[in-house]
Amino acid sequence: MRQKGSNQAESVVTFEEVGLRYGRGPEILQDVNFALPAGSFHFLTGMSGAGKSSLLRLIYLAARPSSGRIRLFGQDISRLPRAEMPALRRRVGVVFQDFRLLDHLSALDNVALPLRVAGARESEVQKHVPELLSWVGLSEYLHAKPPTLSGGQQQRVAIARAVIARPDLLLADEPTGNVDDHIAMRLLYLFEELNRLGTTIVIATHNEALVSRFNHPRLHIERGRVERV
Amino acid sequence: MRQKGSNQAESVVTFEEVGLRYGRGPEILQDVNFALPAGSFHFLTGMSGAGKSSLLRLIYLAARPSSGRIRLFGQDISRLPRAEMPALRRRVGVVFQDFRLLDHLSALDNVALPLRVAGARESEVQKHVPELLSWVGLSEYLHAKPPTLSGGQQQRVAIARAVIARPDLLLADEPTGNVDDHIAMRLLYLFEELNRLGTTIVIATHNEALVSRFNHPRLHIERGRVERV
Amino acid sequence: MLFFRRRSDLPLKDDATSRFLPWLVALMTFLSAVSLAGVFVLGGVIERWDRDVSGTLTVQVAPAPGNAVDSEVRTRERVEAAVRLLRSTPGVLSAHSIDKTRTLQLLEPWLGDTALLQDLPLPLLIDVTVDPSKRVDLDALSETLKASVPGATLDDHRVWLSRLVNLSRTVEMLALSVVLMIGGVTSATVIYATRTGLAVHQEVINVLHMIGAQDSYIARQFAERAFNLGLAGGLLGLALAAPALGMVGWAARRLEGGLLPDLSMPWTGWVMLLVLPWIAALLAMVTARFTVLRSLARMP
Amino acid sequence: MLFFRRRSDLPLKDDATSRFLPWLVALMTFLSAVSLAGVFVLGGVIERWDRDVSGTLTVQVAPAPGNAVDSEVRTRERVEAAVRLLRSTPGVLSAHSIDKTRTLQLLEPWLGDTALLQDLPLPLLIDVTVDPSKRVDLDALSETLKASVPGATLDDHRVWLSRLVNLSRTVEMLALSVVLMIGGVTSATVIYATRTGLAVHQEVINVLHMIGAQDSYIARQFAERAFNLGLAGGLLGLALAAPALGMVGWAARRLEGGLLPDLSMPWTGWVMLLVLPWIAALLAMVTARFTVLRSLARMP
């Protein structure tokens, strides 16, 4: 294995000259260079269709860059053997823009999924999951299945699932699009709490009000380029 | 058939003592009374989980009230024969909170669906659909399939599909959750334009900024009750 | 091969069912075709054997032991007993003994010059005509004859044939019931394939429903697809069955030589086989349509 | 009946495949069982017939016409010609003529007191032993005999049996190939059912994959379900096949009387039938596991 680079040692994510195009389409991202230090908190902004979700997808290994190099936890992901991916993925929590809850599982089982996949004991699951769900205001909906939850409730289940296993890196894609400002604030506080415990956080959002209310650096995507603001 | 009621003649939607509960759950809506005059424009607000989507679902015939009576275009929907429902549904355009685009159809075909289901000529389809899609900023994505569109782009396709057939009633559930404020404004103008042409409009949203920027009456749901604000 | 090519809102072309159903229908058609061919061929063979078996039979009565005169009298008695027995058997139209001269004529190729045999105690023969429309249990008749008239035997070759006819009939019934079962299972398969299709495309159907599509608009798309898939599968099955049947027929004809000279099917059989894929397609279409409409009726 | 009852993240219990696959496997098992039983029974019958056919045969040579002395000489000549012909036939171990005294003994039950026949021109018999391990074409032999030696005929009953054996062998091959085909189609069915399952549950699988589930974690759930469904279907099919076979066997025994006294299967056949559902279940499990792993390997 390659040794961990010297100046990227503390970076959780590093993009070096990364470009992305889907199939033969135009280049969505080009010459992207940035590093997210461990424990940092970033907002990711940009117009609709700018490439926020695409950038997050690159980080959580759902898309491969068409050029350049991405390192995750110091490892070059293009050289990562397939068998090691699940372990790496478990260190990353993702709130998908479209939630991706499992419709046949209760809110509790949905949130418990990352713990169970990682082989956690059931006692642990039964202790932590309800706790977190009440934090996001869903204590009454532990056993409700996603199709019977409102849009905002589903979004909160998705967030709970992403944070339950205390990932080293949390990627949240528009996590407050379906909740009102009050709940949005509450969720942001949850992310800040997690950040204080050491999780590196990236939140893609359109909500300018939210971005300006919190004092965190911002990565802005415009015409395929990522700039620090 | 029952004759159109005198005082509800101009009301597109009338709720009379409507209650709603899912299965044996708690009452989500109770004693709901209101009428939406033809050509009106309402916002529908309320906390996450208050019952906004449920109320819209009652109007577009996807849920049945557990008590009370709902009239749509002057017809009591509980007495509506099944065979007449499609015709009624075609007069209602719906933007679903979760979009519900058909993943295997292009943006163009998705938007064309209401026209085709209603038996419109293909020449008409090919004329109006691209026009509307460029209005919502998707002229470059006519042939893209939803899974290759960004969240905000999908939302705009969903909106285009809801308005393409110039419905008499438009129900939009959180139609701006995935777009930035600039696009949100543009979409609201689209709705206003449609409203000017005679469509009755109801928009459920969390976006307080948007609600306060437009001068339209508001229906607010709190603890199962609907109040006019 | 595909009959309906209209625009479809459902992503039916790409799903696993599209690739799976035709093969299943092909297997069903193949098995049906083989079974049906078996039924027809067996039917033909049975009919021919039956014609052989029915019609006339021969019963031999061995000469009774003892001196020449005694023997002759007792043998005559036995023949008369056998004739009586035969005449009283249901299905036997007539039975009469053949006189010695005729018997000797029949024996001539065996024993050469028969003038010398004139006075010998020879077996006597009885000619029996049975009703071809009734099925006479030759086996039982043979047993009864043997038991009640000493030295009497029914021509053994025909008893054999009769047993074969019975066995073949049983096999024929089995083959027919296999065909019926396959028909049932094909329907069940289409039902479940359609249900799977409904499940896979539930979201799409919901949306079409909400947009105001008529039930028949949705059902049509499933039905047309099922027809196309069923027809494709049926034709494929038939295409596989034809050479298989041809080979078996060829092998049978080569091996059997004269025994089963006419192993070919009657034209009705060929028509049935050619109609099979269409039956499969129609079955698939009707089943799909019915399944979709029933499931849509449950939606609000 | 269900062996794996662990918690599953996939909504496999409720989908159409769960209701459909067992019935399909049941049909496959049923048809396999019927075909296999047919193969075994036919195998037994063929073996017995074969034993009858092989071993010893009899050839009759009719007395040549003419006066007694002349006839006797010429008949002898014919017998010798027949013996020579037989001995030169591949597969024939020995052939020797039976002397007149023995022939008369054999004829006694037919002709009564044979002392009188001593000087008559009687047909002569030839005892033939054939190699049971080789298959002698009795049909051809019979033709050759008839053509080259006037008045010589091969015992007709055995020619018949030999033809039956050949036909039965053909049917046996057909049944065996049906079993093989059914095995293939069962695998194909499981593959497609699994693919359909993958399609229906694609979202769920994606999410599990993204959350960091190992491929084997996901494949296990499909494989276990396939095993359960396959086993359920296999047992159902066997449960349906057992009475069906029993009935056919009973009917055959009742109809055939003595002809096929031992229509029952050897114990190996019964074991094979009992093993069938487990083969189906294992086949389903392995196929499902393989299909899922292959499709997961294509994910990023």
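Labels A, B, C and D are assigned to the chains in the order they are written; within every chain, residues are numbered from 1.
As a working rule, a contact is a pair of C-beta atoms (placed from the backbone, for glycine too) under 8 Å apart; a residue touches a chain by one contact, two chains touch by 3 or more.
This one's a predicted model, so the numbers in the text were calculated from it and none came from an experiment.
Asks: Tell me, which chains sit next to both subunit B and subunit C?
Replies: The common neighbours do not exist; no chain touches both.
Asks: Would you identify the chain whose Cα-based centre sits farthest away from the centre of subunit C?
Replies: It is A whose centre lies farthest from that of subunit C.
Asks: Can you give the whole-Å distance between the Cα centres of subunit A and subunit D?
Replies: Each chain's C-alpha centroid was found; their separation is 64 Å.
Asks: Quick one: subunit B and subunit D, Cα centre-to-centre, how many Å?
Replies: Taking the mean C-alpha position of each chain, the two centres sit 68 Å apart.
Asks: How far is the middle of subunit A from the middle of subunit B, if each middle is the mean of its Cα atoms, in Å?
Replies: Roughly 31 Å, centre to centre.
Asks: For subunit C and subunit D, what's the span in angstrom between their mean Cα positions?
Replies: The answer is 19 Å.
Asks: Check each residue of subunit A and list the ones that touch at least two other chains.
Replies: Not one residue in subunit A touches at least two other chains.
Asks: Quick check on subunit C: which residues sit in contact with 2+ other chains?
Replies: There are none in subunit C.
Asks: So how do the chains connect up here, line, ring, star, complete, or something else (other)?
Replies: Here the contact pattern is a ring, one closed loop where every chain has two partners.
Asks: Which chains touch which?
Replies: A-B, A-D, B-C, C-D
Asks: Which residues of subunit A touch subunit D once you look at their complex with the stated criterion?
Replies: 60-64, 82, 85-90, 94, 100-105, 109, 113-114, 116-118, 161
Asks: Can you name the residues of subunit B that touch subunit A in the complex?
Replies: Residues 22, 47-54, 97-98, 148-153, 156, 173-174, 177-183, 206, 208-209.
Asks: Show which residues of subunit D lie in contact with subunit A when the two form their complex.
Replies: By the definition above, subunit D touches subunit A via 9, 11, 14, 203-204, 206-208, 210-215, 217, 297, 300.
Asks: List the residues on subunit D that touch subunit C in their complex, please.
Replies: Touching subunit C: residues 15-17, 19-20, 23-24, 27, 30-31, 34, 62-65, 71, 109-113, 116-117, 120-123, 139, 156-157, 160, 163, 166-167, 169-170, 174, 178, 181-182, 185, 188-189, 192-193, 195-196, 198-200, 248, 251-252, 255-260 of subunit D.
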